[in-house]
């Protein structure tokens, strides 16, 4: 049978009413657990996997796909509405999405996230079906030095995209980097900055930090405004749906996000966050409405959400073609596949075509189901914001701590939540941007480890970092991203300065 | 730290004291890093870049940023700060602290219910005898769903044991 | 998954009243990992085989299980209903993290399953046998980069043991730690490192597809279906098994310990458990009682010695 026939056959069996129902149950359960901040798709799938054991292989595969997509999308909903990123890949979504929600544009934000996820999931799943074997060959060319170059590129593009003050942006980034050193050094097994506290040996959990800085820090900041702020957020300003302009601004961002997210997800050490960071930076560069970034720009939600979903499908490329679980989620999925007798690996497409295509068809159906479930709910979700402040924020803190406790019921973790919450508050008071802290925490260890691995393999020869063609190209791109804006700024300086002078009244 | 925002001419010439404090904190972080990783020197192995190298770079960058912050403080480059009301912050922090301390003893629902009530108090709803019970009931429902049915390990206390 | 989700739904979120031995199993890791899966499989099997009516799993993640074991030893002392899952990784983690609580502070009951370590090279490599690889290592230890899991973990320990057995200074090995099996495997497949070390299961499908060459395996005797010599056969006296076990709380009476042991024994021989092992692809390396305790003591002292040799433990 040809690829197409397999896919059609898979789709037909997945589209039976009973299987659609399983997909719906999966998506609902996945969303329910996935909305908890700090509980990402990996944990969601791990917790709910046993639910699927009782079904027949097709049914359980499809419910599983539903849980997976539901778990991913759940994080975005809370990021947008409550500023509590459910997982590291939806941190960027919170940046613009929550601002939109506060301006009464939560509806379009949720919609562009849902539709963008769908579009990206659709394209990426089809890419997975047809070009996975070629992509994976490319991904294997990436060794430590190429990853290091990629991290350098990510640092440069991302740090230039956050905040209006270079000093405060860099300070935030380096605070994040300082936190990133905490814990056991992966390459030598030595403790750093853990001061003999066992709970610190594994380092600082990114989601704990993100939830604390975003949700708790923000709650404290708003509480400290006293009665000055409005008592209620105006939930819907204009239409609850996306208007023509929203569509026009979203679709390109979806496609760009997909183009960035899919290959990065396919790389064994890429990671979904990096795709979302790069997508955000790209959208900020390309937008025609730069003034909206930081105040709720729809591209800043559409792009990263698409990148997040595309990279999730991307991680399936090494998983299905090589049996490589490259993320925690993929590792859990591997465990899940074994339950269905799927043994992912280089021979999978040849030995088990029905199941593989059944899985791909299930992913497509689950993706669609997610859209079906979530679009009608958008109107309901944004109503959440009309809850009076005391109850709303009490609820936000309840949810924020619930996720942390569920992932690790430890008093110490709650202590970190409180400490970082206070830090987030103080940083807000003094005008420091929050996102670079989390970016530093995520990218710092990756960059350090890849650098040290590359140098260990070369036995200390620094030139290897530049002699690989891919690494060289990435580093040149990074250099351009750093230098070009400086030149542009220098040339346009007179203009900008006069503008600034004019705006200062 | 000065949180006032009424800038008088006299104050404008004085350095921003809060910014100076921030610079001091950055130097302190750098110092902690330097001291802690000093014991890891000479472990570089084949890469020549050991566990202490990158932390040292970060430490130097922090000191550089601290100097920059001091300069900015003297030039008063920092944005104006709005007046902060500390009362609500204290309520919420107390809530989080109470949850942390009560979690093991009283279980998820009671601990988180207290957090719920104190947070609401921070936002002006001071009727704790209403908000805390509402929070506890809400948390109990959540506990039954997530711990009971979905096997999330949320600590159980006396209240949860009544139901499970 | 009987008393699990669906059943809970049907009974309206009310569990059956507890009768005989209720167990609480601690998985000293986050949900989803190997120890968590072991704990949850135990939960299912214990309930399905009616060995226990009500089994709870709690997760205490962190630091290679050392946070979990510390909490278990202090909070469950003398509690005959508390179990903990653990494994060989814990042995190394306790040593490298300088954990004040060790496996001596709990009551090991039985080894349940285990995996052997394998040494591979990419198919394109000019290294054909383990002898070739060791010859290269002797010539220039720095030029042989080993890709594997975290520093001080099972993979690293195996390389240290092999170097020592081959007469190479273990501090001189160029071990490149990767996070997670997938990343290490990608680096090996992409020929970024000279050789790779991991549990055999991680490499199995690649070896069968011919993209990796299996040089040796760390079992004590040849394993059926695995076409490679053991390290022992190749002249290096190294045997290593990455096992998982179940332990009980400290301070149990002999009677209590015997009850737990009997329950675990019943479980290990049960149909449900055997099926679980099969579907999960876990080898049955069941070992209980004094034989296990003896093996454990041997593992601990060998591991301590090699970690000192590598220079990770002072």
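As written, the chains take the letters A, B and C, and residue 1 is the first residue of each chain.
We take it that contacts are C-beta pairs under 8 Å (C-beta built on N, C-alpha and C of every residue); 3 or more make two chains touch, one makes a residue touch a chain.
Because the structure is predicted, anything quoted here is derived from the model rather than measured.
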| item | value |
| --- | --- |
| Selected interface, B-C versus A-B, where C-beta contact pairs are more numerous | A-B |
| Innermost chain by mean C-alpha position | A |
| Distance between chain centroids, defined by C-alpha means - subunit A, subunit C (Å) | 31 |
| Centroid spacing, where centroids are CA-atom means, of subunit A and subunit B in whole angstrom | 23 |
| Chain centre separation in whole Å, for subunit C relative to subunit B (CA means) | 37 |
| Junction residues of subunit C, two or more chains touched | 4-5, 58-59, 142, 174 |
| Sites on subunit B at which at least two other chains make contact | 45-46, 150-151, 153 |
| Junction residues of subunit A, two or more chains touched | 47, 50, 185, 187-188, 409, 453, 456, 459 |
| Interfacial residue positions of subunit B with respect to subunit A in the complex | 3, 18-19, 22, 26, 29, 32-33, 36-37, 40, 43, 45-51, 54-55, 58, 61-62, 65, 68-69, 72, 77-79, 81-82, 84-86, 88-89, 91-93, 95-97, 99-101, 103-104, 108, 112, 115-117, 119-125, 131, 135, 138-139, 142, 145-146, 150-155 |
| Sites on subunit A touched by subunit B in the complex | 29, 32-33, 36, 39, 47-48, 50, 167, 170-171, 174-175, 177-178, 181, 185, 187-188, 190, 192-193, 195, 216, 219-220, 223-227, 389-391, 393-395, 397-398, 401-402, 405-406, 409, 411, 414-415, 417-418, 421-422, 425, 429-431, 448, 451-456, 459-460 |
| Subunit B residues within the subunit C interface of the complex | 45-46, 144, 148-151, 153, 163-164 |
| Contact footprint of subunit A on subunit C as seen in their complex | 1, 4-6, 30-33, 36-37, 40, 44, 58-63, 66-67, 70, 96-97, 99, 142-143, 145, 150-152, 156, 174, 176-183, 185-187, 189-190, 192-193, 204-206, 208-209, 211, 279-281, 312 |
| Of subunit A, residues touching subunit C in the complex | 42-43, 45-47, 50-51, 53-54, 139-144, 184-189, 191, 198-199, 201-202, 268-269, 318, 322-328, 330-332, 335, 338-339, 343-348, 407-410, 449, 453, 456-457, 459 |
